[in-house]
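For clarity, chains are labelled A, B, C and D in written order, and residue numbers in each chain start from 1.
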Amino acid sequence: MKIAFDQSTIDLTPNGRNYKAVSDGKTVDVEVIRAENGKLDLLIDGKHITAYISSDGAKRWVTVNGQTFVLTKSSGTKRSGAGHDYASELAAPMPGQIRSVNVSEGEAVSKGQTLLVLEAMKMEIRIQAPRDGNVKELMVKVGQTVEREQILVKMEEQ
Amino acid sequence: MKIAFDQSTIDLTPNGRNYKAVSDGKTVDVEVIRAENGKLDLLIDGKHITAYISSDGAKRWVTVNGQTFVLTKSSGTKRSGAGHDYASELAAPMPGQIRSVNVSEGEAVSKGQTLLVLEAMKMEIRIQAPRDGNVKELMVKVGQTVEREQILVKMEEQ
Amino acid sequence: MFSKILIANRGEIAIRIMRACKEMGIQTVAVYSEADKNSLHVQFADEAILLGASEPKESYLSIDKIIHAAKQTNADAIHPGYGFLSENASFAAAVASAKLTFIGPSADSIRAMGDKAESKISMKKAGVPTVPGFEGLESATDFKKAAKEIGYPVLVKAAAGGGGKGMRVVEKESELGEAIESARREALNAFGDDRLLIEKYLPNAHHIEFQVLGDQHGNLVHLFERECSVQRRHQKIIEETPSPLLAPKLRKQMGEAAVASAKAVGYFNAGTVEFIVDPDTLKYYFLEMNTRLQVEHPITELVVGSDLVQWQIRIAAGEKFPFAQKDFSQRGHAIECRIYAEDPANGFLPSTGKLLQYIEPRGPNIRVDSGFTAGSEVTHFYDPLLAKLIVYGESREVTVQRMQAALSEFVVHGVTTNIDFLQAVLRHEDFKRGDVSTRWVETKFNWKPGGPSFQILIAAAMADMATPRAPTRLNANEADPYSPWKTLSGFRN
Amino acid sequence: MFSKILIANRGEIAIRIMRACKEMGIQTVAVYSEADKNSLHVQFADEAILLGASEPKESYLSIDKIIHAAKQTNADAIHPGYGFLSENASFAAAVASAKLTFIGPSADSIRAMGDKAESKISMKKAGVPTVPGFEGLESATDFKKAAKEIGYPVLVKAAAGGGGKGMRVVEKESELGEAIESARREALNAFGDDRLLIEKYLPNAHHIEFQVLGDQHGNLVHLFERECSVQRRHQKIIEETPSPLLAPKLRKQMGEAAVASAKAVGYFNAGTVEFIVDPDTLKYYFLEMNTRLQVEHPITELVVGSDLVQWQIRIAAGEKFPFAQKDFSQRGHAIECRIYAEDPANGFLPSTGKLLQYIEPRGPNIRVDSGFTAGSEVTHFYDPLLAKLIVYGESREVTVQRMQAALSEFVVHGVTTNIDFLQAVLRHEDFKRGDVSTRWVETKFNWKPGGPSFQILIAAAMADMATPRAPTRLNANEADPYSPWKTLSGFRN
């Protein structure tokens, strides 16, 4: 059974009481030695690891050895996420209120330039251009309250 | 609705969002302000208490203000328990092995006299006569392994 | 002694204060906003009063509502915690007018120190060294002239400020205009006061502060320093004591300067005198005084062995110190890491959501001050501080190791945290050498999160092998009728 | 330094030791019996090896199996914890023969102190005061004669003893025969050695012990005393430091005597020299030396600021002390309460079962060393110690208050515990005055549990109003598909 997370894919095959896991050309043997709600004790090639896992929709929160990752499970088709570097749409990173809009539609902007300022948790968060380009569309105005992930600005290449 | 625990009875009547509780001639108003698994926040006549509760069969473990009680809920008829002071049968307080039997059947014994010795958790536990009387029946012998609550000795009045 | 105290705060500090009250046999009253109705500080108190809507203005910043709640519950004192109204002189005065005791300094002391401009002037008078700079400027031209005289980089900061808000480092003249404008706006919004001051920015400076403690009978002691140079966005994230930078002689000098600063404003209560120290010249400059309990007070408690919150309460009740400066000494080492719901890979943006899992480290010499538990909501209304992880050890080396072990046991799912980031800081050679300035995170520490390991992928995939459906919520502390783990029961041993 | 340590123990102490290892970057190996396969110490370790059946003889007392497990996992040292094989000289010797390091003293030191009769003789030689009595008696007649000479009450105890096992107080001659017989039986069973010694029983004595610490280079220091007079069945239940009984001069004398005792047997590692002290004459007598880590070591750690387990490991690795006696001092006060699964209302009989709820207190200056969690089974195979609750405070008064607050937050359902009993002890005037001897619980403290209050009844009844069926198990940490609380959701706010 193939399972895809973000950029990675892992193939898991039951093998008696254990599993065979293959990813990126590497193969290991996995044994579940203990399973509780949200916690797995595994032997991976005989080495004991404890993993904490939570699911929230397609998101998987996983902690192993104090390192936490959030993986998004792909269900067949790939949906383009609200990525930070490559999106042509800039979304609100958190709920808040638009404090200022510093550019106008059609304006050419350079990488790092502040496009607008969002106020959230009493802080000013500058929404900056991820790269050189043009402001295609401004989706919000000053004073407007925005939700998390709400699109603020659309950009296009120069 | 009347609910009986051990020696006490409490009468609980729904009253809007709250309850009216009556016990031993006293009446109070009870409001549930928060209920989680195993934990209740109540306002009793307006006073906030937090109660931790666990159920195990008819047993209710209840902790309020750091005081813990185990109550047994009676379901209509009263079952005589393995009481410590009034029983004519003496039961093993925990699993273990009989180390010695110090009396014989028919023997007259006095209150506090050691009837037999049980070994459990590497300790010697002396099973003593709860009051003056006669040994009616010895149910175990030296070396025997016994379960918790298993009857060890039956006594009768002199 | 008081019989009932209202705690005008939320989160970990409200619980910290309530614990002290409980130990002293004092009843507690919590206040809360709509967003906090299920939060731990409400559950922990003997009584709880709803103040109003989730916006701080409608709840934790409402002087009238808080005093009303205290009157309504017959509290005889109010503890403000930190943040919110803790350094608001009008609040202290209003509490006194209502015939309640404010657990803090006098309104006059707060006023004298609350204004960064005024306080700088009075410190100069008291002979305490201050950072070169100007107060009371108005026009953009004046600021420009002042900045030129001081020499770039300069720091623009709110006269009424604190907590890094309304503060901007300006590297060159072309940035000054926008910086002043935005700092003014932030200051006005956060403090209702847009006055700014400007001073020399020392890019390699260490932030070192001294804890002071004064009673109402004129006794003032200091409880040594805290090194708070690991900062992001001008906010502390790791604090430790003793400071790796201070030798005994400098420590003594700065301690005496801290006491002099507090004495100059007739201070009583716990307070913190902040200095910046140039690591090259070992010169120190008064920065500001915080006239309240400090977030990072626990590291002082561990190294000095005192309970600062209990002493705040005793001081407010009029108790006289049974000790003097010579009775205090530093023993061992302590470090605090602030666990924030924020994304260090993305400009430290706050992260909000419901905590799906929340497991704190435990063990000897580990202290966690927190106000959250699994199932708690982290909202955008308040500071994203989840918990303070504080450890003690015999030496700095042992303490750093213990902190690393403790961080690796901290599990938070549902919001992004800075735990991985903190681990990386502790592993860094600069930190190990104690060679970190306040700009180190921004200028030298080039952290990027790694990708998921094979182990992580396996664990994520195993969760899915064991669950035929994608549960909408998988929570260790929530009863789940269709727990995916049940299908794994054959493996339990 | 070692790279991997096997911990030959279970429960809280195994986890305590593993934490120290983890902080020092040392891998850990747990060993366990059938009964412990799901216990926390197994989950906490990097590796875990099943020893055998639940009876200690088949698992934690099996020298061969433990050494085999260490070899199999390439461990280079073994930490014995306390109890089990920790004071077994043959085990220490076997570990050394297997070319592994025993984290403890030499087998010779263990042997010299393990025999209560022999050690008493060598202490007399070293000039350390001992309790008047006789060693090496055999016949009932000899014991009778000795007891008469000493004067009743007398104490009969196992020469190989410890932990209150094989120990009997005898008030009058008619009880002597049965006491000797039963103590012999218990001693033979627990230690495989039925030799007894007899000595004067001091009914009002305080039990005060000194922590010592020695390296392998001849350095020996003491870390002051622990007062352990609150006992039941000759076992400690509350310990504190400093002792309310000791003035500085007596403390110094006893500390020196403790160091002399340890020196007499060439001691290295952490160890405890136990004394009994007559509160009327303030005379002290050597009782025995425990050649291992003590259950109550945490209170010393808090007041002295040292990590005893880390030092045990460093000593075993050959490190030399960087400190001397003058570097240690006592600061503040610490108390430990042992939380036992036992019924104080019923002769302190151990209580077994599954933990339905298990909530530990948390907060500043509160430390809980435990090996249990909700869902854990408490079996009859091992000592019923659930956890150690340890608190620190600036003064004895503050510490007692803090302990009372902490005890009131400890929730254990599923087994009966001594928590209510401990609370009653702390509330008692005798305890508050520090006026408690080792027989106080049995002779003066007449505790009876109260009946359930109206509040308790209401809470129990509310649980039932909310649940239409009687669930067989209601556990905060177990997913329950038919959770009775769901029907209450209308009340959640």
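We take it that a residue touches a chain if its C-beta (ideal position, glycine included) is under 8 Å from a C-beta of that chain, and two chains touch if they have at least 3 such contacts.
Values in this document were obtained by computation on a predicted structure and should not be read as measured data.
A count of contacting C-beta pairs for A-D and for A-C identifies A-C as the more extensively joined pair. Chain A and chain D have Cα centroids separated by 50 Å.
With each centre defined as the average position of its C-alpha atoms, the distance from chain B to chain D rounds to 29 Å.
In terms of their C-alpha centroids, the spacing between chain A and chain B amounts to 55 Å. Looking at chain C, residues 38, 476-477, 479-480, 483, 485, 492-493 sit in touch with two or more other chains.
Listed for chain A are residues 34, 37, each touching two or more other chains.
Contacts between chains form some other arrangement here, matching none of path, ring, star or all-to-all. Shown are all chain pairs that touch, namely A-C, A-D, B-C, B-D, C-D. Across the interface of their complex, chain A is touched by residues 38, 43, 45-48, 477, 479 of chain D. Put simply, chain A touches chain D in their complex at residues 34, 37, 41, 48, 50. On the chain D side of its complex with chain B, the touching residues are 165, 182, 185-186, 189-190, 233, 346-347, 349-352, 356-357, 359, 380-384, 407-414, 416-417, 419-420, 423, 450-467, 470-476, 480, 483, 485, 488-489, 491-493. Put simply, chain C touches chain D in their complex at residues 16, 19, 22-25, 37-38, 298, 301, 305-307, 310, 331-332, 362-365, 367-369, 392-394, 398, 401-402, 405, 476-477, 479-483, 485-486, 492-493.
Contact residues of chain B toward chain D in the complex are 1, 3, 5-8, 10, 12, 17, 19, 21, 23-24, 26, 28, 30, 32-40, 42, 44, 49, 51-58, 60-71, 73, 84, 93-96, 99, 117, 119-125, 148.
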